[in-house]
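You will see two complexes here that share chain A, one where it goes with chain B and one where it goes with chain C.
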Partner chain A sequence: MTWGLGEGVYEVFARKNRGEPLRHIGYIDAPGDELARVYAWKTYDEENWFEMCVVPRRAVIPVNRLEGPWARNLPEGTE
Partner chain B sequence: MTGGGRPGSPSGDGDPGASREATSPGPLSRHILSLADTKRLLGIRYSDWLLGSPSIETGIAASSMAQDEWGHARLLYAMLKRLGFDPFEVEHTRPADRYYSASALDHPFGDWADFIAAVVVVDGALSVALESFSGGNFTLARSRVPKMLAEEEYHRQFGTAWFARLASAGGEGAARLNVAARAVLPSTLAWLLPGDDVYDELVADGRVLPGEQVRERIRIRLGDTLGAAGIALDEIEPDRAGWDPERRRGPGAPGEEAVERARGDRNRDLFVE
Partner chain C sequence: MPEYTEDELKARIRGGHILESPDEMTPGYRRAIIVQLTVQADTELISAPAYWLAARHAPSTNTQVSAHAIIQDELAHANIAYRLLEDMGVSKEQLVYGREPHEFKHPYGFDQPLDNWAELVVANGFFDRAGITLLSDVHRNTSYGPLKRALIKVDMEETFHLRHGEVWMRRLARAGGAATELLQRCVDWMFPMTIEWFGLPDGLKRHSGQLDYQLKGLTNDELRQVWMSSTVPLCESLGLSVPAHYDEGREEYVLDYPFPCQYDPEAKHWLFDDGEITWDAVFERWKGRGPMNEIYVESVRRSRGTVSAWLN
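Let's look at the complex of A and B:
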């Protein structure tokens, strides 16, 4: 999944404190994993996060809804 | 610039080499001024690319890095108070030819290749210099610099990833990157490794690492990254032509427009202490 600058979409998850669930806080466009980490940290820096993670959108596989933004990631043959 | 005295302190944090005439900073003051001014100018050059960088995320990263550099500069200027300087005067009253910043930052970046070359080479050299400083015996550096270095880690990742991306793309972008990196390397290596009596005094006083250890650190930090662009760091000679030992740099000065921004001239009447 690339456009223009060869960038992909990464979903950003974070939590403020140990023990809290990771929650989705936004997304960024980045051309690779390393820059995705930097862009996420620099873009969503309004909180003093305990932990932040990025996930390539192409790695998100829908479970119960087969339409929507992640439908293209469904395994081949899924009905 | 006032100050330059030798207030001394029980912790040994004074600057014994400083001139009492208040015009020639001692070795430690020169070192801090050189670090702080370089960070301030680097922040200004980064800030020029908040808009116009290749993507929104890149512009946000540039903005954040500019803020980091300005914050670090402020902390470094504040250290000069311990050495008898008035940080306000240091930050807001000096003319361009009294700046101690690395000459690689005298002019704005012409394009994105210049920006990335500066992130890798100049920002990288700054981090190596700060590592060296935080490992010395100046207590303020030991306590304050590690947090700067932690923030700088994101600059390293940003620069390394972009450098590799441009270098591997080939074509005009890779060629421009090569030229841009080669343009800033000689003067930046001279800034990092002055090889002069003032630096030797800093080493003797235990403030910083010896030059050969600093050179090894910059080689480790930049060697592979630059190698991807076909640049062998060991073949680059520091350019010390016209060396000014007081300002720890070659001839010239940052552009007046940048210094006006660094001093905050336009908002002088709004300063609140």
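Let's look at the complex of A and C:
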């Protein structure tokens, strides 16, 4: 049996205060962008974030490393 | 697949090397970290229904809200650990929905019913402290970068759970009378339960690879000592008796009862008088699982079918 909620992985970025860097703080699975926003806000509620955003993992394109979590997003034919 | 052998990887790790992705893992490393993360994820997940059923006994709406905040944290912690496993090619779906309840890897302590508010807060004081003892050691020592970073948030929140437990234990201890008696009864079954949670003594420990690959830093006995070094003084300061004391000569905490020993889950009672048993007998009891095993597992997954039916 497949339950299939069609979830994708989202990387979560947040900034604690003005003037601070936007940092990668984690990742969540969600069946779409709207729920990704909710899940990220509810999952990573350990700080009062000034700013948080989510990026679908498939949108992250690695530049110098050919392995790692984003390797499958390398443009075709990359060597 | 990496081009180094198991021994070469272990040597690199001893030199401070941090792995950043599953493709850098050798088969031995992968096996060891999957076991570690499965135990971690299952423990976080099953603590949620255990605390949720107990939160019904919260003495007020405010306290129920703080109990539910803890439950929400635990579900987030479970999710984070399962997500790390998924990056290693292990299916979260299969782990959560495809196993029999007895195949989950959480400790026997989380197969027990928490029947009142005192048991919930002692669970926060004892079980969450065991969690933070284990996980802060992993955080300090793990050679897997993504796990090290994920644990920053988890440790912060576990500290909050632990404080919740301590504050309430103090309140119940000060109240005197029936409240204090109830608190002592919780301590009587939950203290040895947590001691057992840390597993086989070092002398008997089978080799798991978790220390060789630096997935953790301290041994089972060392972790048990760390847990006792904060739990015993806390209980003593509250006037609660615990079956352990600090031995000046040995410079360590010593248990005042036969360890390991048998447990009667129906009576929530440790059979100290029956003496020491073998670890095989303990594994037998763990394998048989505790009274709430199926109820807890089913309670976290029962609404899944309904929700997917709405959406598909």
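To be clear about the criterion, the second predicted complex is superposed on the first by the 75 of 79 C-alpha atoms of A that agree within 3 Å, B and C clash if a C-alpha of one lies under 4 Å from a C-alpha of the other, contacts with A are read in each partner's own complex, and residues count from 1 in each chain.
Note that contacts are C-beta pairs under 8 Å (C-beta built on N, C-alpha and C of every residue); 3 or more make two chains touch, one makes a residue touch a chain.
All of these numbers come straight from a predicted model, not from anything done at the bench.
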Next on the checklist: Let me test your reading of the model: by the given contact rule, A:43 touches which partner, first (chain B), second (chain C), both or neither?
Outcome noted: both
Checklist entry - Once the shared chain is lined up, is A:31 touching chain B (first), chain C (second), both, or neither of them? => result both
Item to check | On chain A, the residue positions that both chain B and chain C contact, one per complex | outcome: 5, 28-29, 31, 42-43, 45
Checklist outcome for this item: Counting only contacts in the complex, chain B reaches chain A at residues 54-58, 60-61, 63-65, 154, 157-158, 160-162, 165
Item to check | Touching residues on chain A, where the partner in the complex is chain C | outcome: 3-5, 9, 25-29, 31, 42-46, 67-69, 71
Checklist entry - Once bound in the complex, which stretches of chain C touch chain A? => result 20-21, 23-24, 72, 76, 79-80, 83, 86-87, 92-93, 97, 149-150, 153, 156-157, 304-305, 307-308, 311-312
Item to check | List of chain A residues in touch with chain B within their complex | outcome: 5, 7, 28-32, 34-35, 37-39, 41-43, 45
